[in-house]
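Worksheet for the structure shown next.
Letters A, B, C and D mark the chains as written, and numbering starts fresh at 1 in each.
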Amino acid sequence: MLLLEDVHTHYGKIEALHGVSVEVNQGEIVSLIGANGAGKTTLLMTVCGTPQASAGRVLLEDRDITRLPTSEIMRSGIAIVPEGRRVFPGLTVEENLYMGGFFNNRTQNEQGIRHVYDLFPRLKEREHQRAGTMSGGEQQMLAIGRALMSKPRLMILDEPSLGLAPLVIKQIFEIIAQLRDEGITVFLVEQNAHQALQLADRGYVLETGRIRLQDTGANLLANPDVQAAYLGG
Amino acid sequence: MQDLLYFCQQLINGLTIGSTYALIAIGYTMVYGIIGMINFAHGEIYMIGAYTALIAITGLATLGIAWLPLVLLVALICAVIVSSSMGWAVERVAYRPVRGRHRLIPLISAIGMSIFLQNYVHLSQGSRNIGFPALIDGGFQLGGDESFQLSISWIQITIFVTTFICMSALSVFISRSRIGRACRAVSQDLGMANLLGIDTNRIISATFVIGAALAAVAGLLLGMYYGSVDPLFGFIAGLKAFTAAVLGGIGSIPGAMLGGLILGIAEAMTSGYLSGEYKDVISFSLLILILLFKPTGLLGKPEVEKI
Amino acid sequence: MLEVQNLSMRFGGLLAVDQVSLDVREHEIVSIIGPNGAGKTTVFNCMSGFYRPTGGKILLDGKEIQGKPDYRISRLGLVRTFQHVRLFNRMTVVENLMVAQHRHLNTNLLSGLVATPNYRAREQKALDRASYWLERVGLQELANRDAGNLAYGQQRRLEIARCMVTEPRLLMLDEPAAGLNPAETRELNQLIISLKEDYNVSVVLIEHDMSLVMDISDRINVISQGRPLATGTPEEVRNNDEVIKAYLGEA
Amino acid sequence: MVAQNFRHALFCALITLIIAWPIMGLKLTAVGTEITVVGASAFTWIAVALAAVIVFLFQLFRDKVMVGLGAVTILDRLADREPLPDEKRLRLENIGLVLLIAVALIWPFFVSRGAVDLATLVLIYIMLALGLNVVVGLAGLLDLGYVAFYAVGAYTFALLSNYWGASFWMALPIGALLAALFGLVLGFPVLRLRGDYLAIVTLGFGEIIRILLNNWTSVTGGPNGIGGIPDPTLFGMEFGRRVKEEGNTSFHETFGIAYSSEHKVIFLYLIALVLAIFTAFVIRRLMRMPVGRSWEALREDEIAARSLGLSRTGVKLSAFTIGAFFAGFAGTVFASKQGFISPESFVFLESAIILAIVVLGGMGSQLGVILAAIAVTILPELAREFSEYRMLIFGAAMVLMMVWRPQGLLPMRRRHIKLKAGG
């Protein structure tokens, strides 16, 4: 589904990724974990084309998307729930969802919104509330809902648990599992390694711009090196 | 009683001018809201709108067409088309290549564009001011006695009505339509809109075109109201409109409307009670005072300094 | 020497920092760590005067300094670096160091215009100090390059040198190892230790690179979601269950 | 891809027609009291069509053209040339400077009066541009009302001489100091504003001052301006045919030579030359002093500068005040040269021209700014048929410079400082 081959990415002068290869197969949940500043978000954003990889290739369903502009990549079956949620604060919940389905026709949007409200009844209650006034957990639900509106085949989530209460985190992870059951491939970046790996079919550990470990989720969870990667050897 | 009438007269004059300032101010505020730059050449776009309208009106007169509604409609359409194209072109040529660079660079580029357009019209149409035919003249008087009567002209009413229609249409467009929603989304988080697959460059172009179209409407209206145009016509009006935008809170569309009206009234009162010479001083002083004491304007949101 | 008591910072509805306390003694390296978005840089911004904290006190030698303008705090000897290096890019490396020493220079306009002996002597002294620190961080060869053209690791070192020429008492480093390769990180490690040992500067450090933090810190403060989570020596923090949970999530 | 390019190119060509044809092709002309529309000349029509075709072709082959343009780097090589070794460079510079000044001193005696007059104007613009360069180029503060300080200098001299009979030499320091004081007073409240707001506010200040000059008729003469501003004197010697003031002597009588109106023009030129050299020298020193470095530091990164203990207001204010000081200088010379001033000379356009000089020359670069001042003032005189296109070209040049070469034609070069080894 998604394939990164020896990807290097620079932010200005800093090389943030030093040759990363990752593969996400159809129907999987793949978790990418790693400490702060390891380059996890950079890796996700490279898939989206901001910034573009300076070397290597990114393939989506066997199509080379390395050099495409972001807006075009995001119209080819990928949706992202970015770090910090980034809902449009001045738009209502409903308007945010419409923005997610910007390229849909009216009936598709109506179906999509109904589907999102089924998944998150909470959002239905807040339909006409401005997104900026909602709690972090609600915003996270909205961000996921907005991403679902474009009916993506691959969904990328960047730290969906960041700054949320444990109960809400649990709920979010349940939804992610549900997305897989609906046939959406999930590529998940998390600091919250325990939960992310429990859920994942496979996982990668990123350390200072390089993939250090890759294995099934369960194996990584049991691996003492994972803890070391976080708290220093 | 006379005093009250005199006051009302100034109020009406102020609201007339103010509503056109508001129309022009929309262009500043929308562009600022989306890409955070002052479109210095916006006043010139408005001036070009006025010229185009005048050319269309005169051209129709030469052809012997004099049915007022048709003349106005054609003039309006021509002005809107030319100004919008100009707005689009200006963004492509002078602003898009420098977007995201140090703050002064787009501003200098915009000033250059403003000077260029001023002289473009100056060279093509001459520097003298040209009389704008009073297509809608006359009016009616209200109350008072021989010494003073409250007079309202038809052109003032036309300006009110047209401005009201434009503002309402814009409000509906921004709040209901798909593109309007995208405009708001892009102004709140451009990067995220991009991540939803939206071609943000197109949305930015759209805001320039909308702002220019409204400025063209204002150009036609004010051309008729003042009765003449010249190539410098846009510069001061542009500054006034910018003041209005800042007064209301730059980036906020209702703010631009409010700011325009307040500024118009302030100017009319200065003209009416002090002297017409100093009305520009009042608006500039107002601009300076707002920026000093409430840079976010009346309806704007504070910005947090990022470190 | 520096004491932060119950510091809080609120942005609109968001409580970014909530009741954080820490203290720095003379001759000590203290680290602040915590997951992304924990509010570490906000603490720094309050300490260096860029933000006016909404609650709590910051004491330098027992005197309150919270809410003072940034440039005054800097003149008291509290100098910082930035998460994303902030150099004067179109000025040369030496000029960057000269700007930082304006306090030590004769800034009288007239004496500068006619170049009085006193003015020249001070200017020369500042140049010598700049030269010394350039050698110390290994940038002597690049003295006349534009700062913006240096490699990233060199920029990081220049930023530290620029702080050091001001002869600070307390140095606040915001993620100094970000973007450095392992060899550069090791060098940085030694540099920071030497600042403390040889120049008698206290250091407050925000850092993600745990091996660096664990190696050089005397004490570590952990904050999570704006709230203090733990304090202690590296060993204590490493084995603290709360900390492990904050980093790895609930088991 | 090609089809898309083609459609875009067609669209751009259409837009070009829409924005060019009505304004350029249809000229409004007054015939008696009536206004009619007259089609422009065939030449204009062809030009409009040609422009559309060029836009079409450019957009169609955009990628290739841009690659071609990217290859033009001659200017860069000039700017990035290796600096000469210090001693050699110093010697060369000194010889060059002495030669240049010598030529500048002797030259006016061999040319026409008009040329000298123009040269004086060039020198005034050099002073103005060098002063604005401090504010915009070094400190990074966009001041769009710079001309106001120029006006303060000019009006100070005019008023002082009209009301108290002050001479040029008395008015020169007073004018400059008063302009600086204006800078200080105006700058104090506005300098904490963000860059683009600052630009607009200074523009507003400039306009307010102009409007006041225009309307305060009892003092400034309003739009009629003030005349009879005296010429400078040389140790009390006047340059007129007859002595205006009791106790003065006239230049030609003292030296026993025939009266010539050229003496005055040349003398004024020499004064302007000395003042321009003084301006350049002082600013050059300032640039290398702590205050100059802090201007640049604040321009480069305000937050970092503050973190190192620089006070934002203090540093900005010093740049603003010093810039204003030199504008006041130039204003006094200008008033003396013209003998008559009115608010006409101090419109926004004048600020824009000075800004254009700084931008074209290269913000921060003294040599660039001086060359640009010469070019901008002299070129329209040399090509008179194009002089009405002057502002059009300035505007276009400002846009082009910002897009392609924001550092200016001759960007500032950094001074190399030699360090003692070991320290």
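To be clear about the criterion, a residue touches a chain if its C-beta (ideal position, glycine included) is under 8 Å from a C-beta of that chain, and two chains touch if they have at least 3 such contacts.
Everything quoted here is computed from the prediction, not taken from an experiment.
Farthest chain from chain B, judged by C-alpha centroids: C. When C-beta pairs in contact are tallied for every pair of chains, the largest tally goes to B-D. In terms of their C-alpha centroids, the spacing between chain B and chain D amounts to 31 Å. Chain centres here are Cα averages; for chain A and chain B they lie 43 Å apart. Those residues of chain D in touch with two or more other chains are numbered 303. For chain A, the set of residues that touch two or more other chains is empty.
Each of the following residues of chain B touches two or more other chains: 307.
Chain B makes touch with chain D in their complex at residues 37-38, 48, 51-52, 54-56, 58-59, 62, 78, 81-82, 85-86, 88-89, 92-94, 97-98, 101-109, 111-126, 130-131, 133, 235, 239, 242, 246, 275, 277-278, 280-281, 284-285, 287-288, 291-292, 295, 307.
Against chain A, the residues of chain B that register as touching in their complex are 178, 181-182, 184-185, 188-189, 191-200.
Put simply, chain D touches chain C in their complex at residues 282, 285-286, 289-291, 293-294, 296-297, 300-301, 303-312, 414-417, 419-423. On the side of chain C, the complex with chain D involves touching residues 48, 50, 69-72, 74-75, 79-80, 82, 86-92, 94-95, 98-100, 102-103, 105-107, 109, 112-113, 115, 127-132, 134-135, 140, 143-144, 146, 162-163, 166. Taken in their complex, chain A has these residues touching chain C: 13-14, 16, 35-37, 84, 159, 161-163, 166, 169, 190-196, 208, 226-227, 230-233.
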